[in-house]
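In the part that follows, the structures are each spelled out as structure tokens.
In what follows, chain A forms one complex with chain B and a second complex with chain C.
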Partner chain A sequence: MIFVPYDLIRVLFVLVLCTAALMITQRSLSSLFSIYAAQSLLLAFIALALLWKTGIENLAFMAGLTILSKVIVIPYVLNKIQKDIYTKRDLEFSYLSPVSSILISAALVFVVYKSFSTFLVDLSRDKVFFLGAVMGVSLVLIGMLIIFSRKQMITKIVGYLTMENGVLLFSMFIAELPFIIEVLIILDLIILTLISAILAFGLDSSMKEFHRKLNPFTFWFKK
Partner chain B sequence: MTSFAGYVFLNTAFVLLISPLFISLIKKAKAWTQGRNGPPLLQTYFMLAKLMKKEVVYSSTSSVIMRISPYLNLTFLLAASVFVPLLFIPEPAAGIGNVFFFLYLLVGAKFFMALAGLDAGSTFGGMGSSREMTVSAVIEPVVIIVFATLAFVFKTMNLHEMFAQSLGASLPLNPAVLLISISLFIILIVETSRIPVDNPETHLELTMIHEAMDLESSGPNLAMMELSHAIKQTLLMGLLINVLMPWGLALEAGPVGIGVAAIMFILKGSILAVVVGFIESSLAKMRLFRLPALFMQAFFFAFVTILFEVLGRL
Partner chain C sequence: MLLLAYLIPGLIILALLPLRRYPLRSRSFLNLLTIAHAAIYLAVTFFILLNVSLPRYFFNERYLFIDLLGAYEVLIASIVFLLAALYARGYIQSLLRTREIDGRNLKLFYGSLNMLFMVIALAFYANNLALFWIFLELTTILSAVLIVTLNAKENILAALKYVFIASTAMLFSFIGIILMFAITQQALGAGTLNWSELMVQAKTLPASLFILAFMFMFTGFAAKAGIVPFHTWLPPAHAKAPSVISALLSAVLLNTGIYGILRLYAIAHRTSAIRPISFMLIAFGVVSMGVAAFSMLSRENIKKLVAFSSIEHMGLLVIGVGLGTPVALFWVLFHTLGHALIKSLLFFSAGIVHHQFASNKYYDMKNMLTLQPVASTGIIVGGAAIIGTPLFPLFFSKLFILVQLGELSMPLLFLVLLLLLIVAAAFAVFLVRACCRGGEGEPTPPYRVPWTMKAPIISLLVLIVMLGVFFPQPLNVLLNNIVAGLGF
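This part shows the complex of A and B:
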């Protein structure tokens, strides 16, 4: 079987879309984190495939960094938080039911495609770059939709992380962010996960309870 | 014309022969995940043979519908089986292979099954029919969109031509085909009443949809109903297999080609059946009101496929 790398990239896009659609409806938190990890892994693969095609070396670092931070560290921390807050599922949806969320996200992909097709087609080298931009921005919007339609803090965090994945995808294909900015963004993400971990379960409790609940986290500050 | 008659005979015989096997295989796969040995692979054949020998009992309130619907059901599905070539793709014949005709045949079978459920006058049957119709009212638009997408991707309305194209495609991993396969898989799960939607093994009032309609059938009638369900499953599996991985399907009739195609299809079908069995064991049945979320996933993928296709040749 001979692969044309661009086709490989397109197949990976399809899989990224699948993970996004699953994220919208998934209720079990641990599966949600695994889906996020899978999505990030797919992004790393896309970066590697693009490296193979274009030879921009930054992409290799980007892939490595993505695997290290988003496939290993962040899901690990999220899983730890999930164990500490004794919540296994996020069952509540605000404003939108999962069904309408999916319909709206399909519409979002369409709108992004439509609005980009007016000016991006001529600019980009190959259609796959255009497609990457569309997928990236759609992923950002789908992440926003997740933040918007979920009630629990921890799923909102996952929504935010998805948005960042979208930005990464977009930057890989169109903008080509400097590598240092990528590193900064990922650092930001890790800090964000840690801080919102503390806030996420503190929000619904009083200060006294909050302190008691915070105790399990002291292992991060000891040593 | 004789070659076409030969195709119809061979294909129908093949479908009839292997359909019960896949039902047993799914049961077997489920049993493995539960640490059991499961029924023997030929169990479904034995069960059908046993039912064929039994006497038919009709409820006193039932009408002629109850008597003819098993035959109609089986006839509709056997007619539909001509549309999905599993061994070789025949010469084009008028109207055979049209996507929407295929869908109507499936829906026709479903309609008579629901009528039979109502006809016996038991509350369970009526409930099952009502649920089945509710679910199909929601899934039917999605099915039509998915098949329309299929027609759009392959630029033809004829199933046979679609399969010939996907067989001739140089690249097996076409993203559009991959996307549409996800939708087709969801449809396979829904239409054959598999677990997130319906539990095929339960006879509990609260959870059953499909089984409730068959409750009043007995003897050969029940055997025909079960067989038609198995055939429907094989057809939808065949559709998915022929679109996603058609390797082995013969383009012309010939003893070697047909033999290879038969072995390949049984192999691929068995893999798919085991996958379905594993997926069924790993999921819990969904609440009825959560089902639209599942259907909408199929719709989402169909929609995105059209988008991918519009974007250019992918």
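This part shows the complex of A and C:
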């Protein structure tokens, strides 16, 4: 029975990788946001499974914060912004086609695994912790791949958010940071998403409309 | 108490902003608040440097602290803030007249500007690496907002590029921070991210893992400092931002990245990982200087030219840090001050030139010397000072950093000298092109420069010349103490 959380975590890792692969290929923006929400939910589950195993209470807060901010608030904001821009799809892939992106990201996971196995093994308590760190950094690199291979700003934002999810995963398995810092980071992330989403909106609209959005007090009262 | 002096003015301004009563609707009142804010910072920082025994820690976990290095960086920032706030008064007025900025964005502009002051001061006073990271992210966001207050689409692109490159690189930094935490956790039992404790415990950290963490953290800080290859955001952001913001970006924001690298280096200095890290820093510095020098040669836009020059100077600073001798670090710190003053001078002057010719390109600048004597003097003196001509402050810092580099490797010294010559040539060519252009046909009416825009330029000119011919003893003591405090 004692192995159950670890096995569960392994399954969740695979699912996280699946969401990353889906993100690379997905063209419709709203499903892209849903995939992001699902990925964040998976991370929250991983945190809970880890809590079950290790009993570190911080992880419960982290799961809660993740669900609140990344499963609910950020996808909501992104959807709202996307409705304003009226683009339903991000068809363009610059430099890389989806298939080659997937191949490259598979290679990335392998490279990270190989290079970390020389460095990180003495830092992690268990094979699963090492695997978590590898997954985290791979997810960061896949997020970067999304930023590079997509043209639409809003898709790039999702890429950035994926990178951040990777950092979260990495931090879960390598070290528990002080809680207050976790909260500040989430706040920072939300502000960053908002600002870059509004900026992305500005690219497709008139300057007048953009500045109306940018003024922080008007943004929330619209509609 | 001390820390509150930095927090309260900004928070008061932030709280006042949503009000729609009379004085807050007027631009000059908002500007006055900003000037007062900066003046308070300058006064408090002087008070701290003269009267308070440092370092001073705050909170139980020592999340924030004031030490000599932080206070010195805040001092540089406060001088630039004060002059920029004064300059903004006339500058924004002119932008409103030419409709380059919208009247409704003024509150956003001044709000973000004041918040930026506060966040930068907090970043320099953060004792905790993760907190420092958060404040750096906030500076990125706030300066991006300041860039897009102008009415131009290109500004949005420049800001987005800035946000994406800086925060993507900063995420790698965060991986490094987590690694650092894990390393200290393993070495000490309890993890720590406080600069002060890391300095004490540095000897116990394992070298190979420390290098890995350093490389990750360096990525983000280098992006903030505009080090090649993470520099691509810098030229468009500096060129498109309002000149007063360009000055802040170049004179203060880039310093935050260098500051982070310097602190990390001071920790690395006490571990056995110092040699590869020094080597890496010098390599990044030389490459940055090279890329910047060759990009400067054919610039038409004065703000782009000055922006690339910032990359070049950050490269030189990273080389200085990488040399890691007390002499080199002393002059790195001095160079930071000189660079901040001269870059503010150049960008402030460029702002006037932009108002005169509605362009930043040299071929539009006709009869510049007769139309704008103050701005032309600023650009000519600033150009001479930034390339390190004798009698200006950067001459000494460049000379001594190069001497230190020469002790390490002669060929490298010659390479860097050659790059500095190319930079000097680029400035000279630009100045000749911009200043020697007469106008055909009707002469353009001169743009009447308000005194608030002239005063900062003139005071910067005086400061720079003074700092070049006379090295104040208190500064000497301060810089020596900082270098000693960093453990060199």
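Everything below uses one rule, namely that the second predicted complex is superposed on the first by the 201 of 223 C-alpha atoms of A that agree within 3 Å, B and C clash if a C-alpha of one lies under 4 Å from a C-alpha of the other, contacts with A are read in each partner's own complex, and residues count from 1 in each chain.
Just so it is clear, a contact is a pair of C-beta atoms (placed from the backbone, for glycine too) under 8 Å apart; a residue touches a chain by one contact, two chains touch by 3 or more.
The model shown is predicted, which means the values in this text are computed figures rather than measured ones.
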{"item": "Partner chain in contact with A:Phe61 - chain B first, chain C second, else both or neither", "value": "neither"}
{"item": "First, second, both or neither for A:Met144, with chain B first and chain C second", "value": "second"}
{"item": "Partner chain(s) touched by A:Met153 [first = chain B, second = chain C, both, neither]", "value": "second"}
{"item": "Chain A residues touched - chain C or chain B, whichever exceeds", "value": "C"}
{"item": "Partner chain in contact with A:Glu164 - chain B first, chain C second, else both or neither", "value": "second"}
{"item": "Contacts of A:Phe179 with chain B and chain C, given as first, second, both or neither", "value": "neither"}
{"item": "Contacts of A:Phe110 with chain B and chain C, given as first, second, both or neither", "value": "first"}
{"item": "Partner chain in contact with A:Val99 - chain B first, chain C second, else both or neither", "value": "first"}
{"item": "Touch list for chain C against partner chain A, complex", "value": "18, 61, 102, 104-105, 107-108, 128, 130-131, 134, 137-138, 141, 144-145, 148-149, 151-153, 156-157, 159-160, 163-164, 167-168, 171-172, 174-175, 178-179, 181-183, 185-186, 191, 193, 208-209, 212"}
{"item": "Chain C partner contacts - residues on chain A that touch it in the complex", "value": "119, 122-123, 136-137, 140, 144, 147, 153, 156, 160, 163-164, 167, 170-171, 174-175, 177-178, 181, 184-185, 188, 191-192, 195-196, 199-200, 202-203, 207-208, 210-212, 214-217"}
{"item": "Residues of chain A defined as touching chain B within the complex", "value": "1, 3-4, 7-8, 10-11, 13-14, 17-18, 21-22, 25, 97-99, 102-103, 105-106, 109-110, 113, 127, 130-131"}
{"item": "Contacting residues of chain B [partner chain A, same complex]", "value": "171-175, 178-179, 182, 290, 292-293, 296-297, 299-301, 303-304, 307-308, 311-312, 314"}
